[in-house]
Amino acid sequence: MIITLKKGVTKKEFDAIIERIKKLGYKPHVSRGKDVTIIGMIGEFAEKYKDSFEAMEAVEHISEIQKPYKLASREFHKENSIIKIARGVEIGGKKIHVMAGPCAIESKDIVFNIAKSAKHSGATILRGGAFKPRSSPYTFQGLGEKGLRIMKEAGKKYSMPIVSEAMTIKQIPLISKYCDIIQIGARNIQNYDLLKEAGKQSKPVLLKRGMATTIKEFLLSAEYILSQGNYNVLLCERGIRTFETSTRFTLDLNAVPVLKKLSHLPVVLDPSHGTGVREFVATMAKASIAAGADALIIEMHPKPEEAFSDGPQSLLPEQFAKMMGELNLIAKAVGRELLD
Amino acid sequence: MIITLKKGVTKKEFDAIIERIKKLGYKPHVSRGKDVTIIGMIGEFAEKYKDSFEAMEAVEHISEIQKPYKLASREFHKENSIIKIARGVEIGGKKIHVMAGPCAIESKDIVFNIAKSAKHSGATILRGGAFKPRSSPYTFQGLGEKGLRIMKEAGKKYSMPIVSEAMTIKQIPLISKYCDIIQIGARNIQNYDLLKEAGKQSKPVLLKRGMATTIKEFLLSAEYILSQGNYNVLLCERGIRTFETSTRFTLDLNAVPVLKKLSHLPVVLDPSHGTGVREFVATMAKASIAAGADALIIEMHPKPEEAFSDGPQSLLPEQFAKMMGELNLIAKAVGRELLD
Amino acid sequence: MIITLKKGVTKKEFDAIIERIKKLGYKPHVSRGKDVTIIGMIGEFAEKYKDSFEAMEAVEHISEIQKPYKLASREFHKENSIIKIARGVEIGGKKIHVMAGPCAIESKDIVFNIAKSAKHSGATILRGGAFKPRSSPYTFQGLGEKGLRIMKEAGKKYSMPIVSEAMTIKQIPLISKYCDIIQIGARNIQNYDLLKEAGKQSKPVLLKRGMATTIKEFLLSAEYILSQGNYNVLLCERGIRTFETSTRFTLDLNAVPVLKKLSHLPVVLDPSHGTGVREFVATMAKASIAAGADALIIEMHPKPEEAFSDGPQSLLPEQFAKMMGELNLIAKAVGRELLD
Amino acid sequence: MIITLKKGVTKKEFDAIIERIKKLGYKPHVSRGKDVTIIGMIGEFAEKYKDSFEAMEAVEHISEIQKPYKLASREFHKENSIIKIARGVEIGGKKIHVMAGPCAIESKDIVFNIAKSAKHSGATILRGGAFKPRSSPYTFQGLGEKGLRIMKEAGKKYSMPIVSEAMTIKQIPLISKYCDIIQIGARNIQNYDLLKEAGKQSKPVLLKRGMATTIKEFLLSAEYILSQGNYNVLLCERGIRTFETSTRFTLDLNAVPVLKKLSHLPVVLDPSHGTGVREFVATMAKASIAAGADALIIEMHPKPEEAFSDGPQSLLPEQFAKMMGELNLIAKAVGRELLD
């Protein structure tokens, strides 16, 4: 990092900074301009000490130069990581996978019905929430383990690996037991104990970016999981919060090439939450693939007006089927494949 | 809520909506303009069904009219709530309380040193983190229960109730045992299981607004706690994330009169996190009191450059003392009191 | 619009509102719930009176139901508008057009050089700034009319219509004289006198969304131009300002399907400004086309490090050529065409 | 500025950068870490060349170290600037001034009525818009010069200097002729030609920060005016656009101490636009003064529901009078004065 000193700093203050840098095992590089003096402190994890230097009265400003994450970085692993979900299902390679299903698991009938259509249209992974983070305490909170059992059966019947969200540390072993992918939701992106727990088991983790999470923070949250030994992390962009209200969130597609540059981990896009509006989902799914997505996660429901949550953004099965055909064309246009 | 229909909606679609409203126990109010038809569905918790109507193809848009929270609302409790923290320490009344202490508990010496200065300058509550949410897995994560014991001793010695953060469900009974106030941090504002757990015990909860949490969501998160039976919730504004980078966050002081209008709960301001810069803390503390804050929470450290976290925003004890005198003048100017 | 009344409003206050609505020529629709009373005031331009009702003490809140713009709306003109730029160049039809060129016009040599490559790679419109809005007064401000003459010559030589920005009312006739499209920049999106002036002449206008402009405000700014009689408006999304700093702006691709739904006007995307980083431009250009863009505007420079402005986001000619081939594939995949 | 190089940069690329720095008259300072090489280029206006270095393939990132503005900076002028508006009216000294009046000038009667109350309550400057920037072309656009004449008469009768907004270059001499302060509105913060024109005349300029303008950009816009020779600039914070919708804008009070640190220019706060809600204005006015405001600008109207614009945020005269008494107490508490 680069330490810019205040104008008029005393020799004593200057020396204290230099001493401190040396003590921490780094070599200070001093550059003096007419009005400004800067000190470079360069080396692995130097940025870790940012706060302690910034807290010194003589310091005007710190510029970060190096990345504060390591295992998640492209430097650490040059090739794209390919993450194995189940037999024949790998994310991060040529094939683009589509995860589909209802927002919440409501009943066996509905889940099986959706799984059948999803599979038929080319989806390869089944999604569905058993534990639901709802902003109001007065709305449906999910079926819990009963829901997971339904999912598992549906996944088995239609040969689809399944993904569901864990909201608490206690739910991690449960989701890990029933599912092929553990989802960590946007609201838990900085629930660090939950991240660590997800890192201590071996099932792949679908990590959703929070609505106000910077790319740097997103990769640091991924690092929490990786640092515990689980390298199977899928990064999921699902819309950020901006001033615009015509969509529920603003799907940040810039994030795809940025993440691809900075990290080796696969990138999943969620146009359902990223728009919040059914009629925009297919369009943004296409844009996501053109932007380089390795997988998509899409909400589908046969009767959205009866869905317990997220009905407005759920596709009807026939809309989903139509979209899959269109996505396949885009996938080919970018040298990928989607349908067999 | 108000349901605006799409232009050219069929009679069948219209009837389906009317039927649905009646079935849910509400009375539909239809208004037809030349180009647009709207249907009012008014009554307690009508907004709960927003998604299910929005999911219908015939619906153009839903406008929310009523508040989705109840126990947190000013309508539910007209008077300002006054929350008792300890003998002689009540938040929400005439007296403005200042919570002060280090970001993280680092050692007994430092905590006692800070507690002594804080008390001497007029702070009435001691703050300090035993469990720390850090964006990087490679930085100091807190002393845990050992830290809580130090805090308790310091609180006892200087007759100050103490506040510390719980990051997981498991930590709730621990914090509840040692502390007088349980803090739920900004990163856990939508960690609903944690909120519910905090609602199941009786110690007051300091609930920090997330960096991208709307006022409505903030009050819904408070509602999660209240709905479990714990009515002792303190709402804490600590800065929101905006495009501006000259401060770490943007302290949203507008939120103070807005919260005071919508809710009966006391409002606490955190100018340390809300600015992230030591030299701006005292100024924003003054502005907070002028805006109507019932309490402040301030970071202080005798050697900020050696602090394990948040050094750049920690006040020196002498700066803290000076600030308290200034705050007292503002408190008097708005008809409150701060120092005895 | 829907007027929600405060609880406990008096009969006198209620009557005053009803009277006012009638006086303005609208019919009030009253709906009373147990706790809340709402009044519908529905009809063309009712939203114009939003402020005056909101200003009344008895009013709690106004919900807008109808759109405040008219000529820009899809209701006004059901089909997509196709805007003729020059012989054989129409935007809004099957063919996707690419506008390319330097950020600023620097010299005849460079412009001709770029025009030649751009044309050769399939660009159909030449862009270049003669008047530059620069955030610092100490940087290059553009060649002015001399630049426009260079552009005109280059456009003539390579048979490309040209587009350049007008920053002031006085520059409108100048740009209109030399160019085929007048650009109104993001910083002038609410410079209403400039918009009106652009509406009083007949050349097509490329209107760039501001960095904090909502879709509604964007269409209202377009309405300013349309309301003066010029219906040839191209809506350009160029990135909005969010908390994310890894790209210069956040290209809001959600805006494409939203604009397509609400308006009949063609949509142009600017991935150069929308990312600010050369290596992300081609990827986001592909995503833009998949999202439904009718045209793109791209910055190109043979020696970006010598460009007077926006070098970091300018493509090299060979990068541009490669991108055009890729874009062509995406265009075909969405049923459009780009290269002949 | 600090140039961080990409890993694996060639000697040739490195030399080209060094050469370029020397050619521009700066001295390069090279620091090499194990993984990263940085080059310091420090000196006045080095940041001007940011883009041209960032455009080079070998460059990973540029960190700005020095401020890109000069005349507006605290370094250039250490003392607070005190700006003389009229005889006995100076902004930036001990006395805090309050500008009050209607949003738009509607009629002589109303303006005189308001001026009388405002003066009586202690306001020292009269505000009112003759040219109004309205987001819809179908709403009232202002009385123009006729309005300015009314303002001038009212100002004369009640001995108050007056302030009104110029929206175009042509209006600058007009406003300059009739008024004591020229306001440049938030929507024109980057209308650079307008800023330059305001800098070429001598009347003080009230420059309003745009809704998505960073502090750095705000000071650069001020620099445009200063660089033309007019040093009488008042910086006005009026609310920024964030995700929060419970207020019209988010009044950024952090900006006050930040601007005071970075610049010598007086700071004016606009709580009327910064909240958009009448009942929050007085509270935020108090907070503004506690945060260090040198002046306030407040909208007032005797019949807000009949105001042509901004009725919802306009204070009634009796509310204004009450507020002034409260502000006076806060002013004293921070060592300033407001009422005589």
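Annotations for the structure displayed:
The letters A, B, C and D name the chains in turn, as written, and every chain counts its residues from 1.
Keep in mind that, in the parts below, contacts are C-beta pairs under 8 Å (C-beta built on N, C-alpha and C of every residue); 3 or more make two chains touch, one makes a residue touch a chain.
Values in this document were obtained by computation on a predicted structure and should not be read as measured data.
For the interfaces B-C and C-D, the C-beta contact count is higher for C-D. Comparing mean CA positions across the assembly, the chain most remote from chain C is B.
Taking the mean of the C-alpha atoms as each chain's centre, chain B and chain D sit 31 Å apart. Chain geometry summary: the mean Cα position of chain B and that of chain C are 39 Å apart. Averaging Cα coordinates per chain places chain C and chain D 26 Å apart. Contact with two or more other chains is made by residues 212, 241-243, 245 of chain D. On chain B, the positions that touch chain D within their shared complex are 212, 214-216, 240, 242-247, 250-258, 261-262, 274-275, 279-280, 283-284, 286-292, 326, 329-330, 332-334.
Residue ranges of chain A in contact with chain D, taken from their complex: 2, 4, 7, 29, 31-36, 38, 40, 42-44, 61, 63, 65-66, 75, 241-243, 245. For chain D in complex with chain C, the touching residues are 20, 45, 48, 51-56, 68-69, 133-139, 141, 167-170, 187-188, 190-194, 196, 210-212, 217, 220-221, 223-224, 227, 241, 278, 304-307, 309-312, 314.
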